[in-house]
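What follows is a short report on a single structure.
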Amino acid sequence: MTAEEAIQHHHIKLPTAPPKGGVYKPVVIVGNIVYLSGHGPYLGDGKYITGKVGANLDLDQGKQAARQVGLAILATLQKELGSLNRITRVIKLLGMVNSTPDFPDHPKVINGCSELFATIWGDDNGIGARSAVGMGSLPGDISVEIEGIFELA
Amino acid sequence: MTAEEAIQHHHIKLPTAPPKGGVYKPVVIVGNIVYLSGHGPYLGDGKYITGKVGANLDLDQGKQAARQVGLAILATLQKELGSLNRITRVIKLLGMVNSTPDFPDHPKVINGCSELFATIWGDDNGIGARSAVGMGSLPGDISVEIEGIFELA
Amino acid sequence: MTAEEAIQHHHIKLPTAPPKGGVYKPVVIVGNIVYLSGHGPYLGDGKYITGKVGANLDLDQGKQAARQVGLAILATLQKELGSLNRITRVIKLLGMVNSTPDFPDHPKVINGCSELFATIWGDDNGIGARSAVGMGSLPGDISVEIEGIFELA
């Protein structure tokens, strides 16, 4: 199954690609490498999931926010590349959680995005290297921000 | 206009390249890719802009600090590469703001660096992918730290 | 002296490679570039060095924690690549310290890892570009997390 077929098969509904929030490009392509800008949990219509994980959001809600970041990333990649099928591998993700100083479960939160990508590109190609860490703050108090590097065919 | 001509044309004054603050190299070149170490808002003479954005610095002061980081980055690239003209593109920046837990405007802060790079390398090549996020703390309480990836001719 | 000979010569004892803590791969190889996932200060037997630097750990203890992260990284690279000799250069490290909001010495902490890598791969090839920054929180309250990019022969 291709990535686009997986989207259809699993009835995954993507938001519109998020608007740019500053002076940057959503993706930059260098050879066969795609550098993707940091994305938040965009819901469409200018709305994001906000609040600190460990205070305003619990672990499950944080994981849902990370999944929503993943959906926003897919929307951007589809828009910028034309098709998710052009991506052969997830190389690396940096998963940044807007969390309380004592929150311990950043990897479980970011799994919300990683599990989605495994559904789209498969358990091997959909899963790359990763760091999952806790930020002091994120833009507009979004709950999760993720940036990534992907490989093109 | 080349990058070096843009520096002259806009009367942009660079600080000296910042001294190394630890066991690392300012830049590492791999093929035609330049990996640049994290830089702070270096003013020259060993001085940096310090303080938390949202507490000690307001948004405009934070944006000026990010511009100063950009100037320090240009100084390092000029010193290490011989000329800013060797860089064909900004690929990616990671903009890290030393901010209060509820500060919301990291992208507007980091625009201070991104707008400078657009002036130097142009609105297309000077602007790359980017993340702008809030750190719990930064070395020596500097207000902003930015690392980057650039493309060489 | 090769990297593996340096391990022997300096009687450096590596922990077992740390277990995966989420949905990711320890390393992803793209051409001659190795992307390494974020690693914590793994002691073996499921144990990590934990606590905030500047509160629970002082600077020297933080630096020891960063060295322990370096040892864990070497264990992963040895396991995944077969031999540390396959690595020709450290390209870049992102050193993330779990620290108090006013902690100033992140570079000195991360030097604990960088000095270890200089011992393994030499003062030139063992030292790459780097950022050293302070996080709001880290998984399981580990004291330091480091991710990296390395070059293969």
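When the chains are written out, they are named A, B and C in that same order, and each has its own residue count from 1.
One rule holds in what follows: a contact is a pair of C-beta atoms (placed from the backbone, for glycine too) under 8 Å apart; a residue touches a chain by one contact, two chains touch by 3 or more.
If you're wondering where the values come from, they're calculated on a predicted model, not measured in any experiment.
Asker: Same or different, please, for the subunit A to subunit B contact, judged on whether over half of the interface numbers appear on both copies.
Answerer: Counting shared over all numbers used gives less than one half: different.
Asker: Between 0 and 180 degrees and rounded to the nearest 5, what angle rotates subunit B's CA atoms onto those of subunit C?
Answerer: 120
Asker: Round to the nearest whole Å and give the separation of the Cα centres of subunit A and subunit B.
Answerer: 25
Asker: Give the residues of subunit A that touch two or more other chains, as numbers and ranges in rising order.
Answerer: Residues 94, 101, 134-137 of subunit A touch two or more partner chains.
Asker: Can you check the complex and tell me which residues of subunit A touch subunit C?
Answerer: For subunit A paired with subunit C, touching residues are 33, 89, 91-94, 97, 99-108, 110-111, 114-115, 118, 127-137, 149, 151.
Asker: Which residues, counting only subunit C, touch subunit A once they are in their complex?
Answerer: Within the complex, subunit C contacts subunit A at residues 21-28, 30, 35-38, 52, 94, 96, 101, 134-141, 145, 147.
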